[in-house]
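One structure is given here, and the rest of the page talks about it.
Labels run A, B and C following the written order; every chain starts at residue 1.
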Amino acid sequence: MAATTMKASFPLLMLLGIVFLASECVSSDPENPFIFESNNFQTLFENDNGHIHLLQKFDERSKILENLQNYRLLEYKSKPRTIFLPQQTDADFILVVLSGKAILTVLKPNDRNSFNLERGDTIKLPAGTIAYLVNRDDNEDLRVLDLALPVNRPGQLQSFLLSGSQNQQSILSGFSKNILEASFNTGYEEIEKVLLEEHDKETQHRRSLRDKREHSQEEDVIVKLSTGQIEELSKNAKSSSKKSVSSESEPFNLRSRSPIYSNKFGRFFEITPEKNPQLQDLNVFVSSVEIKEGSLLLPHYNSRAIVIVAVNDGNGDFELVGQRNENQQGQRKEDDEEEEQGEEDINKQVKNYKAKLSRGDVFVIPAGYPVAIKASSNLDLLGFGINAKNNQRNFLAGEEDNVVIQIHQPVKELVFPGSAQEVDRLLENQKQSHFTNAQPQHKERGSRETRDPLYSILDAF
Amino acid sequence: MAATTMKASFPLLMLLGIVFLASECVSSDPENPFIFESNNFQTLFENDNGHIHLLQKFDERSKILENLQNYRLLEYKSKPRTIFLPQQTDADFILVVLSGKAILTVLKPNDRNSFNLERGDTIKLPAGTIAYLVNRDDNEDLRVLDLALPVNRPGQLQSFLLSGSQNQQSILSGFSKNILEASFNTGYEEIEKVLLEEHDKETQHRRSLRDKREHSQEEDVIVKLSTGQIEELSKNAKSSSKKSVSSESEPFNLRSRSPIYSNKFGRFFEITPEKNPQLQDLNVFVSSVEIKEGSLLLPHYNSRAIVIVAVNDGNGDFELVGQRNENQQGQRKEDDEEEEQGEEDINKQVKNYKAKLSRGDVFVIPAGYPVAIKASSNLDLLGFGINAKNNQRNFLAGEEDNVVIQIHQPVKELVFPGSAQEVDRLLENQKQSHFTNAQPQHKERGSRETRDPLYSILDAF
Amino acid sequence: MAATTMKASFPLLMLLGIVFLASECVSSDPENPFIFESNNFQTLFENDNGHIHLLQKFDERSKILENLQNYRLLEYKSKPRTIFLPQQTDADFILVVLSGKAILTVLKPNDRNSFNLERGDTIKLPAGTIAYLVNRDDNEDLRVLDLALPVNRPGQLQSFLLSGSQNQQSILSGFSKNILEASFNTGYEEIEKVLLEEHDKETQHRRSLRDKREHSQEEDVIVKLSTGQIEELSKNAKSSSKKSVSSESEPFNLRSRSPIYSNKFGRFFEITPEKNPQLQDLNVFVSSVEIKEGSLLLPHYNSRAIVIVAVNDGNGDFELVGQRNENQQGQRKEDDEEEEQGEEDINKQVKNYKAKLSRGDVFVIPAGYPVAIKASSNLDLLGFGINAKNNQRNFLAGEEDNVVIQIHQPVKELVFPGSAQEVDRLLENQKQSHFTNAQPQHKERGSRETRDPLYSILDAF
């Protein structure tokens, strides 16, 4: 909020502004269960070549997010010319490339498919799929966001690696020697030498045994690749179709269809379960939203979807309107006071949940909660909508898709303090739809002064 | 039970009868988790123009109703010529008009639809739909029953109002001033004057500021309408189709199809998910049952549906057959005594859960539990069946749909103490199906005396 | 494991072997939440004619099996020429005949169907269906396995009997006298005499009253039948179609289709929801697996199904590969130590969950967990796969359906210590697919000695 008003660069104002921002961040966080920052991620794996981060469980943060208990968010990042070694996880994944260039290989019992992926490419990896992911670029990092839906236990993920590593054993090493000998029809020493890591011996010893191999990081999950290896993995790799988003198993790009909302202030792309068969049984939509610097995504709400949004790039402000006593109902039994169920209980005060947004932040928009998002620099958002089927986005301002305009004239007078004519005149003042300028174009100076203490300070200079 | 035997109007018997009834009501309640009475409703809103009541959570009452944890029941009532102002809730609704005449307006982003509703008209309101409901009648109260399926949190509802009121703020007032200014492209003073209530000032002051408006109740959720306003809202309002129940979004009437069971003792109407697309994804049936005074809905059970029934009108008796130790299995771990898993544990005694029914009561019939309902005055019931798809109603008495009759002759002899011929003769004694006279037509005097203490008293006179 | 190496029958070795086996069984059990033995079953009913056993709740055993909370396993056994009297349960059932010959009668409101069932015949009994099951054979016991999916409460079953018995009252006796009189249009004495048991009087008295009937066991749930009665019940009984498995309501045989995997070491039959409409809404597959004595079902995992397997016959060994810290993630909050989220936390060690299998044991294979099963005598397994739709079985060894073979050559070098050529040569050593000999055919003597202490002892003789 303050950020967009600080065009005048007086040092003192800057200082004040920063203090203001800092205090706002600190104060808004503990009581805003809808925003997740970098410290809400846990590192599952990290080495010089990249990392995998897992966002804390949504329902652990707040009971308000209880219906997200079987959804987890993973962020993956790797350096140029590396590979995330073959593994499978007991969860369905929706994988979206945030930036960089990848080759994703997906194994089947009698087949394999490789895909060239770029920014916005999206694919469902069904639970149990063995896959490996290459950063094929020479310079750019690869960043991937995954929505995971575990199949064994609600909200619990478990990955199985074919390779052993310093940190994690290969799944093959979990079988007893005689099962392995019968399975591979070979003596155990041979199996151990060719397929397994020797975890019983010390690291030092193991290293010396493997002098033949160049990379010591190959003991890890994300390892370097040579140019030749990348070339070999690139063979037969298909690119995501730019025309269609309707394949059962091939990647699709979020921008392959026209944006559902678009003007000079921003663009909103969305692939729904109705448009893509991969999203149907998971009942999830995936959206990509660009808000230009100094622009605003107008206040709106999702009719039935709960949306998990990650900030891919840029900075901005997020405002969500909820209710102050939203979980009193659930707590009533703990209060043990039946009298409290009376009139006062429904004195519902709306509550503004606000947060500064920057790259890597995640926020959740519950169904029905109005939200508005302002970009202080070009803002790039990626959203996963849970319970997506038949979701409708209802706007509360702007020319199109504005449900407020639809109210009957006599009802407008009952709803709002102004007359129906006054209300209509005011609503028509916004000629834009969906996105607009975050600075009102027609506001009078007077009203500004009364509401922002920074302005008085600014005026003093 | 006693009520139907009290045809002889001796004052003493009346007195005894009333005492008997009273003691039965008090004693049956605490141990009958399937019946809900008026004190199990909580008032969400109430003013001179009407109220909204919410039934307590089913699973809060008893673990036996655990599978109803995401279903809530709402009762709405309003005076003639009033409107329930525009709002949206984070739950799917199935709305049924119990009595009165309504206009329901449903808003969409670029459209609106209004419907004239009467008794039995039913419509699904998807979560997040902004709607307003008018009582268009000059004399009759409007009464509506809603089954709600929340989308954000199991069993938790949250409503969002466009209008501010004494008790609840408008959702627009939840956004910060600069978001509102940019959204409406207007200065905040104008927005405040035309769209928002001023909650910071005192009520007294606020009232004086709004002298221009006639109704002080317009600060509330249910407010009065003038005849002219109702006329304007009636324009273009469609009526529910009396012929078809297959529309995706228009209301249908529960009685638009022939009753599935009907005779001179009662009628049973039912709209299933198979018959109506609006009920398909919620997997709910809606039924309307009329039992004439002195008649009985024969013992039967639902094969897989759990049915929530509200008494719309009349009085009667409800008997449900369950098992005494039904939740011992779940408690076994707490007992810490493995030995208790033995033979005695399965000494299952059936249990008769009975309750007196009167207007406004709600009861639940679990799947598989046999139930019978007797009307002491014309009884009008409205039912919502959860898990409705492929539900079958199996009767245990009567001519048609009676599963007992289907048992092979030699098995009948093993099941029942009588011979197969005796069993068949007894079963054929009931010529009616589904509904019958609550007083047996062929019973011998002798058997009556032995089982009802009231009869001996009666004989004394 | 030891069992298959004990071909030489030296007494001392036998003794050692038995001690070895015994200690293994005792030690593996408490920390293996995936295996259930006879003491994990609870007796619901038992008399001279048979019994019904219910396996403990899966999620009671371990939180790892949380997603099985609404699945229960029932085992039913009856003597030749007996009947399990009519009853209905508040759960959907998938019923499979393990051995013996049955007549199953299913009642509908205006119809009944009887089916002759044999080993491998499978049918879905929807919740609330009244059914009775006859052992029609003169000599062989009837053994049936049921997967139950309760509809009223998660994991809780409740059965309703039409007949009264010593242990359990008939559901009709749960209604009050006046409801029964009106329902059957008959005096209560007649109803009591023909339809109800008199539970208020003493057993002694009751017995004397029923001198007319031959069998005192008819007070129980499983009772004897005469040859004449069986003949009458056999009339019009249909047999399961051997050609088609696509009926909506008729039984199908697990072996009516070709096995999906088959060689001289074993056969694997599977009916999936895609193949049979009865399994579609329950989303369950049913499989029947035969592993020949001395053979091995090769290491593989199910991509998304959680499989509940019962040992119908034979003995063997089961190895499941999981991870040691699999539920630390969930427990992290209880630890109250944020620092523990670091690097060490992902030092995941694979864990071998092993168990001896014998008739009547049940084990669970979570999705994604690799499993191998070895038969020490002909092993016959019956599996129910939960979350079956689109499940894929990925093998880790063998010629066909082996996902490891699909890995790109350069990636193989990164995954395994050996070169790609070495890995391929090793993988190609196993010419069999799916099933193989549990004794490797080409192993060198040397490697054997180093890994099994029994061999050194054996050599000493």
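Note that in this section contacts are C-beta pairs under 8 Å (C-beta built on N, C-alpha and C of every residue); 3 or more make two chains touch, one makes a residue touch a chain.
All values derive from a computational prediction rather than experimental measurement.
The two sequence copies subunit A and subunit B touch through a face in which the numbers common to both fall below half of the numbers used overall.
Subunit A and subunit C carry the same sequence, and matching their CA atoms takes a turn of 120 degrees, rounded to a multiple of 5.
In terms of their C-alpha centroids, the spacing between subunit A and subunit B amounts to 41 Å.
Counting partners per residue, subunit C has no residue that reaches two or more other chains. Note for the complex: subunit B touches subunit A at residues 42-46, 60, 83, 85-86, 88-90, 92, 105, 107-112, 126-130, 132, 151-154, 156-158, 160, 162-163, 167-179, 181-191, 193-197, 210, 213, 218, 223, 225, 228-229, 232-233, 281.
The touching residues of subunit B, counted against subunit C in their complex, run 1, 4-5, 63-64, 66-67, 296, 298-299, 301-304, 306, 319, 321-323, 326-327, 329-330, 333, 341-343, 346-352, 354, 366-370, 372, 374, 387, 389-390, 392-398, 400-404, 406-411, 414-418, 422-423, 426-427, 429-432, 436-444, 446-448, 450-452.
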